[in-house]
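In what follows, structures are represented as structure tokens.
Both complexes below contain chain A, partnered by chain B and then by chain C.
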Partner chain A sequence: MSALERIDIGTWQRRFLDLDPDEVAGVHYFRHLGPRAFSRYFKPPSSFLGYGFRRLRRLHYDPDPRALRLFSFMLEEGERLFRARQSGMRVVGLMGDYGAVAPLLFAFPDVTAFYPDFCYWTPFLTESEVLLERAERRGLGADTCYVRAAVGAFTSQAYWPEPDLVAASTGASCDDLAAVAQVAFDAGTKMMFLEIPQRKDPAPWLTATRFISVAGQAPRQAGLLERLCEIYRDFFDRAGTALGTPVTEDRVAGSVARFRELRAVIAEIRTLVATAPLCPLPATEELLVQFASTHAYGDPAECRRILDGVLELVRERSERGVGFGREDDVRLYWVNPPPDPLLHVHVERTGARVVGTEYLIASALTPLSEGDPVKSIARAFLTGSLLGSSAARSETIVAGIRETKAEGVVISNLFGSSHCGAETPVIRRAVEEKAGVPVLSFDVPKPAPGEISSQVQNRLAAFLEAIRARRGRCATS
Partner chain B sequence: MSALERLREAQALAAEGRRRDIADGREVVGTFSPPVPPPELIEAAGATPYRLLENRGPDADLRGMGALGRDTCSFCRSVLGSAILDPPPITCIASGTVCDRLRHMTDAWPAATGLPLYTVAVPRTREVPGQVPVLAEEFRLFASEISSRTGTPVTKTRLTEAIKRGNRCREVLTALDELRRESPPRLSGGEFLDVVRASHALSTSEFLELADGLIAKIRSREPMKRRPVRILLVGPTLTDGDRDVVRMAEVDCGAAIVGDLTDSGSLGYGEPVSEDRDPFTALAEQVLAHPILTAPLKPSTAFRDAFRRALQDGRPDGVVYRGVPFCRPFNSEAVPLRELSPVPFLDLRVEATGASGQVRTRLGAFLEAIEARLHFARENTR
Partner chain C sequence: MRDELTGNRIIRDEMTPLERFSLLLIDEQPDRVLTVPLVTAHAATAAGLRPGDCVRDGALMARAQIEAQELYGHDAYTLFSDVGILAEAMGSTYHHAPDAIPILDRPVVRDLADLARLRVPELSAGRLPVYLEATEILHRSRGDRIPVFCFVPAPFTTAAALRGVEDFLVDTITDPDLADQLLLAAERAAVPLLDELVLRGALPVLVDPLASASVASPATYRRYALPGTKRLIDRLHRLDLDVTLHVCGEVAPILEDLAATGADLLSFDQVPIAAARESIGDRVRLVGNVSPQILLRGDREEIRAVTAAAVREGTRNPKGFVLSTGCELPIRTAKESVLAFMEAAQRGPAAMEGRPPGDRAGSPAASCRICERREDSERQYYRECPHDHPGSGPRIPNDEGRPAQ
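This part shows the complex of A and B:
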């Protein structure tokens, strides 16, 4: 077993200059447009600092070019959207649904998609509160989840071009996002609202409601799948009208098949990350892999090439017993996606690794079955975290902890968000009672330059110390 | 004792009445938000709806915080915490999924109180076709669930009768609302809220019996001597211990709440339900058009239309928006409503556990400024 070292941004910059220029120049997004100078995205990190992502100076990275390419692809997304618009592609925003609408949308020709929701990263990456201040002026203040940053982005038009359409899901999704969508609607954005019906839990007293149980998935009430399929078929009609292009069944099947393969690649990477004796991929890069499942960062074909590379890398490392950290690193299960990537970097620097996660996007990670593509998407979507109860989400987390043999759970709360805060006590109880592992929950401090707050650092340090002490006690007993 | 006092007393004693019902083997269904599930469905199944608005102060808030986290709206924290401290007189709970926080709060009830929970999934947009039949089906399912508890099936006849009684309640409340809107009004906002609160604590039959003659009594009252500053109150549900803003405005500052856009007030029951159509469909239609439910419905065009109507009907001199921290569907509407309002608009955030002196100062200054504005307008007219 040998340990790899993460690199800082300076080393990334130097190593980038050592790469084969032809290899770098051959990497493009939107390859269907042909190789254009603008569509090169594998750039030195100084370019991304130029975009304003100041946080990059404090992060540590996987040194392999395949992982750096993934980082570059993600950081280039905003630029890519403007280029898509210039190239005549339609730009569509998706909100509040993870894993369902993107595969359906990519069935339309010449479209790209993005999630304004993921703008909650931007204030942290840019170490700036500008977007949050703009949101506050529209009535979404500090008692709203950081997704409110999207309000600022919608009203400034500097983070993405004016979308041709935004398909915003409401219902059993997220009230914070619904509020953001309303602001975008008020600002004149062309919106289409979709419904996410609620998935109920069976209970002994529910005698009239019929439930359907599928192995390994949360049960759902009868009729829910069919209703969701109706909603998606209606989406094709409405989106077709809005985009001025109908969609064919072949294209739908093709798009869903691409996402099916993409999810299979992501699933294998996640399994290897959880099971390899040494961590084969840092937590931030693993998070980027997971979020590719939602919309493939707007370019499914290129995203697939990148993830194939990452999978190859992770396989190689697992087979050779190479990875980051030490074998006795504390195994953590992480709940809620941390908007500040420095949190992951920090825990990895202090002798821990992330072996399992529940980032509220379970619906995008569920494997897609063969057969009717719309039904396949709907079926997978119904396994999601947002549309069910807190108890169902807790069950998923408990199962994940057992599967990954995690020794502790970190819940990074987004203060004021309509899911994180209220679900934390329920998840904590379930984890402590059923999985028997300790839980640390904290509110992610607001974006600021510099290291993460010393309070959070101290709490994380004490938590990891307690887990190590527990290990000792368990061994003794 | 006046009809109003009789209603207030009956409301205060409603919990005892419901405990007697439970002892007699009747089902009492606790609800949180009047439009969903419709009280008519519960009554048609032979059970009694009982709206849970208890607020047992800071202790209850702390208990609620323990179960739901501190960054949850204090309405949810107070209601759940109060139930943990002192179990309410109910045999089960029924709730609509009108917002995330209510969803999480109701999810926590079975574990916290040991009571069964019935959830009614409420659509959150009207843009998707087929929402009315889907909601009507959801109501049918809910009716079957409650019927299986009571043993009384919800027949079309029983449900239509319940709808008729519900509509008579609405008539009473609408008539009182009109008296409140008069200039000067014959009924204060606080009194009106008391009547609505009673209608939520009592069965429709009890309420209609006690409210008999109420309208005539109020009509025969002398109107207020001077024209008070007229206020439109907007915001989420008021709990029982959360009338501070109303009291401050009316008792301390002499204003009159002549209209409201809250489900604790004139929207407590919504518009009349059609008595001629399939009753489940009629209820679904009514719920999806309910002005309060339209706040979480996206886009919130219908909610803003309801605000415009309330401005037109109440002719207020100012709008007091009383929001609760972390109440996303309502708080996100404060800025657009302020922009729509042709009259001064005060945006307050008040915890359901009670308003502070700071709120009193802001409210007082706001009402004084309106008073001065009206005075100058009168002087200029002369």
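This part shows the complex of A and C:
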């Protein structure tokens, strides 16, 4: 076993300049447009500093170019959306569904998708309140989670071009997301709302509802799958009208198949990260891999190339027994991992590794079955957390903890988050009772320049210490 | 644009300077013209400080920039006036006075032996730490909203400051080898400084005032200044950074050469904007070029008129435009003059010329999708946008010159 070291931003800049310039210049997004000067995206993190991404200075990175490529692909997403529009592609925003609508949307020709919701990374990456201040001026203040950053992006039109359409899932979704969608609507955005039905848990008083059980999944009302499929078929019609192009069955099948393969790659990366004796990919990079499952950062073909590279890297490392940290690092399961990479880096620096995660994009990580593509999307979405109860979500988390042999659970919520915040006590109780592992929950502090808050640092340190002490007690007993 | 349900007028949020700049770099239209007068050492005056103190103290240098920006509201910090920083760090001596920027006193290279002793300066040499500290402070305090442009002398200007301007120009004729070696040393010296500035969040601006046609011939520019500048820009391009080149003085005869350096933005001085647009505007974003003398000596009305005209001409540039001054503001420029310049930039040419907002007199009768979207922004003058810029979509002129509803 040998340990790898993460490298700082300066080291990446120097190493990047030593890479073969032709290879670097050959890396493009939207390759179907042919190589364009603008579509080159592979660059070191320092290249983003002057454009406001101040957090990058404090991070430590995987030293392999294959992992860096993923980082730059993600950071370049905003520009990619503008370039898509300039190149004649349609730009569609998706909100609140996480992984269901994107594979369907990519069936339309010349289209790209993004999640305005994921703008909640921006205040952290930029160490800035610009977007949050704008949201506040529109009435979404500290009592809404940082996903409100999307409001500031909608109203300034500086982060993505005005979308041709935004398809927002409402109903069994989060009210913070709904609030953001409303402001976007008020700001003149062309919206389409998808009313997502709730996945209920069986209960004695639900006498009129018939429930069905599906192996490995939470029970659900009979007919729910078909209802979702109807919603998605209706989506095709409405989106086709809005975008001025109908979609064919073949294209739908092709797009879903591409996401099926993409998710399979992601699943293998996640498994290796959880099971290798030494962690073969740092937490931030792994989180970026997971987010790719939702919409492939707007370019499924290039995203697949990148993830193939990351998978190859993770396999190599696992086979060679090479990785980050130490074998006795504390194995953490992270619920609602925050969009603050500094927090991930900090957790790893303090002697822990993240072996599993659960959050509201979980439905995008569920494998897509073969067969009817729309059904396969709906089936996967039904496994998600957002449309179900907190109790069902807790069950998923408990299963995940057992599967990954996690020794402790961290639940981090964004200040003001209503959905996630409300679920925390339920999850905590379930984890303590059923999985028997300790839980640390905290609110992620407001993004600010500098290191993460000392209070969070201290609580994490004490938590990890307690887990190590527990190990000792278990060994002696 | 109106809210469909309530009928309320929808107001877009004003962009930050960094958002404006980022959009410009990707061929998009910001909410108003990006406005970056070369405030540089004048920032000290605006902040009630002395330029000579600021060039020796990074915290003061940063404070001057912050206070000047808060006063004027311009769209980037510009660090700083002093083009001798590399030469000084390599051994040339400068005369420092409290109320002025440093002036070259004794060049370090007298003969070949001096040349052989030249080394790439450590980042701790001379006043390089002052620049690095100022950059760091600005990026840390406001780098999420305001771009931090850092001026780094291009090789030709540093070589001239290592050798003395006249001697160096003579060398280019009588001893090309010596001139080449000086240029190479100057180029190598710039590399670590540029790298470090990037790591501290700066956006690099190469400045080459001594290479303009006011000082050297176009042939000299091509033979001596262009190659080293181009290599530095190529290197920055490997990091996929957008590079600004600033050359003040007479540049008409070398416009094509300046574009050939590969600079993404060209900050230029004594050429009509229309002429620059015609010759290189399809390749380079133009940055310019209200004469600093107008700001120094002109009255408010003159400043507003000249600025409005610059906006009118510049915003027609196909690759985009940053309103600026042709050279840095003289230290003693009146604050009211800079404010008049900023006001003209922010209100747009129509308002400045006494026409109602949105009036397109003199502009092609056209609109673009972006202009339509901006209709609600209360920054009406982008409705004059005549660009065929990417993303502008179909043009829909109508009788009033307003976007069709």
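Following the convention adopted for this analysis, the second predicted complex is superposed on the first by the 472 of 477 C-alpha atoms of A that agree within 3 Å, B and C clash if a C-alpha of one lies under 4 Å from a C-alpha of the other, contacts with A are read in each partner's own complex, and residues count from 1 in each chain.
One rule holds for everything that comes next: a contact is a pair of C-beta atoms (placed from the backbone, for glycine too) under 8 Å apart; a residue touches a chain by one contact, two chains touch by 3 or more.
These figures come from a predicted structure and were not determined experimentally.
Of the two partner chains, chain C is the only one touched by A:E79; chain B is not. When the two complexes are overlaid on their common chain A, residue A:A172 makes contact with chain B while staying clear of chain C.
In the superposed pair of complexes, A:L140 makes contact with chain B only, with no contact to chain C.
When the shared chain is aligned, no partner comes close enough to touch A:G216: not chain B, not chain C.
Look at A:E423: by the touch rule set out above, it reaches chain B but stays clear of chain C. Look at A:G34: by the touch rule set out above, it reaches neither chain B nor chain C.
Looking at the shared chain after the overlay, A:D234 reaches chain B, while chain C stays out of its contact range. Residue contacts after overlaying the shared chain place A:D186 against chain B and chain C alike. Shared contact residues on chain A (touching chain B in one structure, chain C in the other): 137, 186.
Of all the residues in chain C, the ones that touch chain A in their complex are 1, 3, 5-6, 10, 12-16, 18-20, 22-23, 26-28, 30-31, 139-140, 143-145, 147-148, 195, 198-203, 235, 238-241, 373, 376, 390-391.
Residues 137-140, 143-144, 168, 170-172, 174-176, 178-179, 181-183, 185-186, 191-195, 197-198, 200, 203, 205-209, 223, 227, 230-231, 234, 389-391, 413, 415-419, 421-426, 443 of chain A touch chain B in their complex.
Touching chain C in their complex are the following residues of chain A: 9-10, 13-14, 16-17, 21, 24, 38, 40-44, 46-47, 49-52, 54, 57, 79, 82-83, 85-86, 126-128, 130, 134, 137, 152, 155-159, 161-162, 186-188, 449. Of all residues in chain B, those touching chain A in their complex are 66-72, 76, 92, 97, 99-101, 103-105, 107-108, 110-111, 116-119, 121, 123-125, 127-131, 134, 137, 141, 144-145, 147-149, 296, 298-300, 325-326, 328-329, 331-336.
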